[in-house]
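Have a look at this one before I ask anything.
When the chains are written out, they are named A, B and C in that same order, and each has its own residue count from 1.
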């Protein structure tokens, strides 16, 4: 998709830091829960005390492989942890353990849609590393909490394939959706469990040489990713158009002012003195290890969307919405399977259920209405047991009481009246109460038929089977 | 030969304050040691993977199980300066 | 029972059968420390809990609770190994007041085998040195002659052991730091194969070279201690999962038919005649005991010292980055912390907290890892290291163990060599190769110099084959006659 940026083409690459949802840190057995007290989730290892050593967490490896496979990466049989040496108070050992020249995942790619157009972005690599601690700045001093130090991160690095701010945001959303599908990360940008750094440069359309890139850091929503990049593209083009050059630097985005500003320049670039960490042996995997994990991969969103369209007959838009979260897709599919009516299931889930869930900020997994119950409700409608209108009343009651639709209908007497004898009685009394309309109808003004239907439904409190009402009414009136 | 500027650069990277006489001394000694290393530079090592761990040891990974062996208080007890259970350093913004 | 002469097995048996209590043994050695330490400066810290720990061992024995093979044996621990609740300094101002909340695995294993920790032993700062002169806590002295160095870096361990201030000690060895001081002080010291002993809780100097091991009086004590501390540790993923043999039970001084490799490159060191003589005598004796000799060549030995310095300094520059005045240890005094820049905060703290030798190595290592130099130095050294290891592997196809002197000379005088780091470096020619190649190495006392200073013989075994060098060591020990002599300070 080409967007005209005043004759320039933006070139964007993104690094996403995914905090893996392990119970313990990547190199030690400290807990990883967010709500711990100051330095409560630390140990001599995570505080970098003398003589302590890292030992890799199996689960972190498994999650990295899982993610790599989902991103269509080649999983390396041998990867190596290196030390990235620099001094900063949030880095307890004076180095960060990170995979450098031999990462665990390489050469993948993902596909997604931007405004209906398919986009493919290559994944250069994904590597395991440890998170740093948290600094608390008061101005006068800085305080350190190492609860976060050592939480496993998978850094996913895209190729410089992204060409617009929209694409960048959509790329980020897709990565988030995938890691949530895999259940390896909760994908919360605000809490920092997913972090996006965007490398942005611009060049004249048709130019081959890449422009100087600027890194945008710590953007905490995909909406802001889009805005920050749009701002940055404009800023860089303005610079170039006014004859200035772009300086290589790291910038931050201020959402209140919708602008980016310099965080640090890269003039005195750090020398990280990477070397293989002698405390950790190379991470060696067998083909079996990898295959075993491949088998645990869930159906990924893009495949699910396709299948929902092709096999279940959903529109692209509906399929996209229903596959946005794995749990939602599973809820929908279970509903459809149980009642056999996928279209109705899709509608009920997207319209009624999502509305209630959103209103009350409840996640689908905590929905008071189960897929089985929703499927029963749809079957009751399809079987003519209740009308669509009554169904909405039943749905509301299901939401409140968590009861099955059948029991609600029985308890409240909401079942559809399909008993011909009963209906005839109601219809006869409606006809006898409205002699002038009966006369009108019989004189040829058949338009009043609708009036009778309404009156009968009203008299039956909406429970009359509308098809039967139509038939009996017509017969009675025409007989007259 | 390692000149003064290089020594100052290394000291900066290593975050070591060294005085002018140390700068001079280290420059001399480092040059000597590195000159000594020059004989190694002549060895043909084409295609040889650098060795880190010298013995054959099987890869080992641990289970994802929480251990709760230490209190925050223990972890900050050796700190030169602290505030509550946080470590305290100069302002770094 | 003569506690100064008794073996671990004898004392542990006596303690277990209540002929003597662990408390009595502990008190005996604590009083020796009190008497001798002012003369030798071997201990940096003496444990105030030692008697209580001994009481606990006695209590366990009285309740017939399971107690290990080192029941009641008092140990001194090099100050590189963290001891829970007991100050651990690494011989540095940087850790002058550091009290670890954890035990090194080696210490934990000694304790669970029933050993009593009496205190922490002097050493070169962060184990960087071979004379104990770089210790922040002052020079430890050689008990055979206090004008001489005890060697290093585990000089405190060697001196304390030689003067029997304890029954056993633990040292660490990165380029010879167990074997050289063992040789200088006339005790048995073994550096196990890399990966045999857990490094968890041992202050890291050079992670791919460091190993801890026993420094004791006899080969049998060494075997018993070694098997108590060896084996896989889930806290150190560089420990081997190989089973640990019972070195002490398998100990066999019959070496008939064993093939001992004579290093062709041995003449590279400028060997002092006293050392040469002792070495030749050892060869004669081994021959009489039925050993066969094969000449082997490990050509790259020639480059071992510069390779060692480069690799160890590079790893050290990273390992010592954690000493930054933030979490523990020394922090420079600042009038107004809030007005400090981070760079000055670090540079002042590290500049004042580390001694000259440590800073020199950090500088060297930082340079060798830095951009533009990595390939020429660290990477190159790693490649040659592999070649060296492979040469050793070939040599071990022809022999069971390799023999050489430990060092080129006996102990030297204090301040005699410290001004010239490179001369000092060259003393390590025989020992450093074993660390680079990950091999097991051992020093066995075999004679004395014309000045009456001990001289040791160096035995190197192939990977995970400590048993063979222990056996050859036992054979040498049986004919050395060195145990009859005691040091001047005793």
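In the analysis below, a residue touches a chain if its C-beta (ideal position, glycine included) is under 8 Å from a C-beta of that chain, and two chains touch if they have at least 3 such contacts.
Everything numeric in this text was worked out from a predicted model, so none of it was measured.
> Identify the chain pair joined by the greatest number of C-beta pairs in contact.
B-C
> Which chain has the mean of its C-alpha atoms lying nearest to the mean of all protein C-alpha atoms shown?
B
> For chain B versus chain C, what separation do you get between their C-alpha means, in angstrom?
Taking the mean C-alpha position of each chain, the two centres sit 22 Å apart.
> Could you please state the distance in Å, as a whole number, between where the Cα atoms of chain A are centred and where those of chain C are centred?
Measuring from centre to centre gives 57 Å for this pair.
> In whole angstrom, what separates the CA-based centres of chain A and chain B?
The separation of the two C-alpha centroids amounts to 42 Å.
> Multi-chain contacts in chain C: which residues touch at least two other chains?
98, 101, 208, 234, 237-238, 317, 324, 326-328, 337-338, 342, 346, 366, 370, 378
> What are the residues of chain A that contact at least two other chains?
Where chain A meets two or more other chains at a single residue, that happens at 44, 47, 55-56, 87-89, 140-141, 144, 271, 273, 278, 281.
> At least two partner chains per residue is the criterion; list those residues in chain B.
Within chain B, the residues that touch at least two other chains are 13, 15, 50, 52-53, 57, 59-62, 70, 75, 87-92.
> Would you tell me which residues of chain A are touching chain C in their complex?
44, 47-56, 83, 85, 87-89, 92-95, 140-141, 144, 271, 273-275, 277-281
> In the complex, go through chain C and note every residue touching chain B.
Counting only chain C, the residues touching chain B are 97-99, 101, 193-195, 208, 232, 234, 237-241, 300, 302-303, 305-307, 309-310, 317, 324-331, 334, 337-348, 350-352, 354, 356, 359-360, 362-364, 366-367, 370, 376-387, 389, 421-422, 425, 436-438, 463-464.
> Write out the stretch or stretches of chain B touching chain C in their complex.
2, 6-7, 10-18, 22, 26, 29-30, 32-34, 36-37, 39-41, 43, 45, 48-62, 70, 74-75, 77-81, 87-92
> Once bound in the complex, which stretches of chain B touch chain A?
Answer in residue numbers: 13, 15, 50, 52-53, 57, 59-72, 75-76, 83-93.
> Under the touch definition given earlier, write down the residues of chain A that touch chain B in their complex.
Within the complex, chain A touches chain B at residues 22-24, 29-31, 37-40, 42-44, 47, 55-61, 87-89, 135-146, 271, 273, 276, 278, 281-284.
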